[in-house]
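Take a look at the following structure, please.
Chain naming follows the written order as A, B, C and D, and within any one chain the residues start at number 1.
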Amino acid sequence: MITVRSLVIALTILVLGPLSANAQDVVKIGQIEAQTGANAIYGWMSSQGTALAVDEINKGGGFKVGNKTYKIQLIALDTRGEPKEATVQLKRLVEVDGAKYIFGPFLSNVFLAVRPYAGEFNGKLLMWGGATRIHDYVGTPGHEFLMRTWNWDAGKNGFGELMVDNLVKTTGAKKIAMLFQNDQGGKVLEDIYVPMFKAKGIEYRLDYFEPGTKDFSAVLAKIAAWKPDFLFPSYADSYLYDIVRQATESGQLTKFFLVRGSLGPGLKNKDGIGEYMVYVPKYFEEAEKKDPKVAKFIKSYKDFYKRDFPYDQAPLCSASCYDHVYMLVEAMKKAGTVDDPAAVRKALMSMTYDGMWRIRFDEKGEAVFNFDVVRLKKGGALEVTHINPN
Amino acid sequence: MALEVRGLSKHFAGLVAVAEVSFRVAPGEILGIIGPNGSGKTTLLSMMAGLLAPTVGSVLWKGREIQRLRPDLIAGLGIVKTFQNPQVFAELTVSDNVLVASHLALKRALGARRGLEVLGAAQAVEHRLAARVGEVLALCNIGAAAQQLAGNLSYGEEKMLGIAMALMCDPELLLLDEPASGLGRDEVRNLETVLDNVHTAGTTLCIVDHKIGFLRGLADRVIALNYGQMIAEGAPEQVLNDPAVVEAYLGAGHARA
Amino acid sequence: MTGQALLWGGLYALPIFVRSDFLLTIFIFTFIYGILAVTFDLIFGFTGQLSMFHPAVFGVSAYMTHLLAVHYKLPFWAATVPSAAAAIVLAIIVGSICFKFRLKTFYFAVVTLAFAEMIRLGVMNWNSVTNGTLGLVVAGKPTIYWPGSGIVPVKGPIAWYYLTLVCLSLTVLVCARCLRSWMGRCFGAIRLNEDLARTLGINVFRYKLLSFAIGNALASFAGGLYGYYTGYIDPGYLGINQSMEVLAMVLLGGQGTLVGPIVGSLVLTGLPHAIDLRAEVRSILYGAILIFTILVMPRGIVGTLNAWRSRRGA
Amino acid sequence: MTQLVLGQALNGAIIGAMYGIIALGITLTFGITGIVNFALGEFMMIGAYATYALADRGGLPYPVAVVPACLIAAAAGYLSNKAFFRFTRNNLVNGLLVSIGLISIFESASMLLWTATPVEMHFVLPGALRLGDIGLPKMKLVVFAVIVAVIVATYFALARTWLGRASFAYAQNPEAAMLMGVHTPRLETAVMLYSTGLAGLGGALYASLYSLEPAMGGVYVLKGMEAAILGGIGSLMGSLWGGVILGVIEGVGSIFLPTAFRDAYGLAVLVAILLFRPSGLFGDE
């Protein structure tokens, strides 16, 4: 059934002009993420986390701000990773649905395309995006509508420096080969880590591969011939599994260093690897046993989606977006309003939310939260270090 | 001297389709080319029209070698060929078919100034062409079918349309490949009158046909081919009675008996 | 004909009733992609050459227009001219290679696709100029002369709506003029029967090339507009899926017509926003609609309407 | 260095064989029935996930799981032919559009089933064969052997059997074939079943080498198309050679030149070859 609902609403508001969204006692959260298509992994998981949190809150009878009880209406749209789609969708969310809180996007090309329009609503809008390129804009004048929900390799709160130090100290690595997919993420990693390696006098090489590549044997062979101490592969799981497998299977490269990415590939090839050092926002297998909040989250995920919990890289998206919904609600309570994003932002900037993570936003509006560094040795021996920048 | 063919040969993977054929076509004459099926008539004609490149030999048009030129250039020089099994633009109406064929005429009329025509200038020329289309259709008396889709025409009409399109290029030399084959008696008679008119209008004709009957009344001169070789040349009657020709045809006759 | 007049009239009058940025944006994208679709149809629907080269021209011109405007301080319109020139040069190079070697249908499609891909990879890795996969942020706006207020930048949905609509109208006008002239006759002849066209004195190579060049030159404007409207350019502009989308628009709307591609563009741009379902179901439905439209109306929406009308006329 | 190049040439040939099996499907469907099935990659995806489901979740031994996986893909192919493709005979572009639609349908369906997060099957045959510095994963060698066997078998089958003669008669002239008593709809169905089944097999083998995601089909159908064109539409062995050539060029190319351009190397060669043989290496003029 094709509902032309959006169109109809639009047509009605043409006469009245955009509604001021004092929608009775519903707070609308719009979401623009790629839920289908080739780059859907992040967006798809994050939209799951959001949906889960919204469902819990509404089932719990909503939340109270002032003397009014609000429920949340989540309008999650699928951008398919296409800037064109996203632009139209954001306009719909803001104008037709009158949503003031936007979750997403996780994709930088989408973010850069919607940025100008969102900017027109600076102060009247709050956008929680994970996209890497948000880093360049968050906290700059005219971008007070931005919150970067994702942690960042660079900067004083970032984990990049720490990871590299750790690597050098504990392994004395001197030669590092980077293998990134040729897209925004890969290029940004280059910008961050190449200078670090230079500064530390580490010898490095960098190879890019076409997104969509599945067989890396050629480039891996090339890299192996260069005899690096560590391979620093691209982060998306869809490549990571294949890179790690193919590198270890031929026995050419067995030591891995990851700053974004998941533990799964390492565990799967635990007998092939020499060492596998990875940054993970949370090592869920362990946290589930120790932290009741995490256990509760995993349980409600299973109940809600009737599906096993994907312990891999994906939970970090869903879990963090899950926390973010609750954090947003807290901020609304603190600010005493649901209609004034500016006030809500002020509240956010001055609070620390204690969910599955301890999350606060730095002065620019980038999330800072605790994470784990996991070192996996041949055979599967694990060594987890918890790090809390807060 | 309009067209001269010098020692023209065509080999297809060992098989010799045309061997060392030489002849001339004088301006204003009607030359017939006869021969049993597979004697290389169509191949010869295609080489004259530039659709096939000869293996050896040359074709001269007004003293200039043309056997290596592209077909569209040769058409531009005034040599236009029709196809044995008619070729038309099935999805267009008859008059549009002929209008498409007005390409060369327009080119001659406007040359580089055709650019303006895009801007809607030079309408006069367009009107003249449209009028000419009417004339040509009338000449080939298929004017009645002008607005039909070419795809819906009868076989005979399609062949006529083929000739009409060729005429629209106003050729000096018109090469007709078996124009009469597959036509009914009246259609043949009609064709004869049309070709007669075309000829009196000053066009040189070169007609390929496998049975002499049709050419007897029409051609001034006839060439006979067999197995790619020229076996006779002269006035229709003379060629018809040439023993070699008789043999070539009756050979088939014996086979039948 | 009256139908067409109605369509254009409606489009020009629309903003009088519709003020929604959301709806107008759908139309703005419809018009920009409409330019692509119409020019693609000139090459494919009218001349019969299945070109997969459009994304390359779309992307290259988007980059060129922006880069020229920035580095040489050119106004948008001045920058579109060299971009169009570049499009023509590309078209002539690729076109003459393909047509000289008589590549047809499938083979032509794959070779043009190959060239488009190679250009994409070039753009993607030429970091110093194109900033690679990070893409370029376009801050500038096209300017127009407005009586009274002089040269003004194009801002806001309504301005963009009319700017893109006018560009689309001009594209259609140019195509229509070419098609109504002797060029159109040659294109048609080539599509319907190349050998016959040859014997009638039509230089098949030249007119294939002409169609290819005109189509790509006009398409280049779509690239410039798109870059400036979305304010962001990245190598995704040159992706194969762009070819597929444009092809879908033309087939759905009706190949071999000038209105069809625009209708197709409107349908495919609007459809995703008219379906309010969860993502996966939505794109399943989207696919199903594509398939059934083409199976029910093999000649596309407009093509079928025309056939129906003429049948009723006869 | 020579070792490096040799290794990648071998490896490229193996990857190319994967392209080849898709190319074979494309060549068969287009060459014989005049249908363009640009969605073959999706049947590959179906075969891959089916194998994963049966072998990993269902606990069947891998070789056993492959067979039903192919059948499932073939069944999907049968349905889409009955429902859609047979209406697009000899209409290249409409076939293309139907394929685009199918891709969107199958991809989203598998997202509903398997989610966007990639899955990887248990390792069927881990470890690599070492010849000097060259290491070739054992499973890859198996995959290569299977594909070559299948393509060669198909070649001989089509050259010898009634179906084969029928299909080529059909390809030449459907009407005449109809008179000769070839029951064309049945032939069409047979070809569709076989080509999609092949794609399914390709997927099943793929699953033993790489991780799976719903969008996996896209890349391979393109490569398959390139391989088919390179080898020449309608030539069976051509599809294998086309694939292998493509794979080797990509592999060796990315040894000497930047990996980021990997796809361009194959394309450049494809164009070059088409210019000298406009209907592919083994295609008949």
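Everything that follows uses one rule, which is that a residue touches a chain if its C-beta (ideal position, glycine included) is under 8 Å from a C-beta of that chain, and two chains touch if they have at least 3 such contacts.
Keep in mind that this is a model prediction, so the values were computed, not measured.
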item	value
Pair exhibiting more inter-chain C-beta contacts, C-D or B-C	C-D
Geometric centre distance via CA averages, chain B-chain A, whole Å	74
Chain C and chain D: spacing of chain centres that average the CA atoms, whole Å	32
Cα-centroid distance, chain B relative to chain C, in whole angstrom	42
Approximate Å spacing (C-alpha centroids) for the pair chain A, chain C	35
Two or more partner chains touched - positions in chain C	121, 124-125, 279-280, 282-283
Multi-chain contact sites of chain D, meaning residues that touch two or more partners	107-108, 111, 258, 260, 263
Multi-partner residues of chain A (each touching 2 or more other chains)	35-36, 44, 182, 208, 210
Pairs of chains, among all present, that meet the touch criterion	A-C, A-D, B-C, C-D
Residues on chain C engaged by chain A in the complex (per definition of touch)	17-23, 25-26, 29, 121, 124-125, 132-135, 137, 230-232, 234, 236, 269, 272-277, 279-280, 282-283, 285
Interface residues, chain A side, partner chain C - complex	1-7, 10-11, 13-14, 17, 35-36, 44, 47, 76, 78, 80, 83-85, 87-89, 91-92, 95-96, 109, 112-113, 115-116, 133, 182-184, 186-188, 208, 210
Partner chain C, residues of chain B touching it in the complex	49, 51, 70-72, 75-76, 80-81, 83, 87-92, 99-104, 106-107, 114, 117-120, 165-166, 168-169
Residue ranges of chain D in contact with chain C within the complex	30, 84, 87-88, 91-94, 96-98, 100-105, 107-109, 111-112, 222, 225-226, 229, 233, 258, 260-261, 263-264, 267-268, 270-271, 274-275, 278-279
Footprint of chain B on chain C - complex, ascending	177-178, 181-183, 185-186, 188-189, 192-193, 195-204
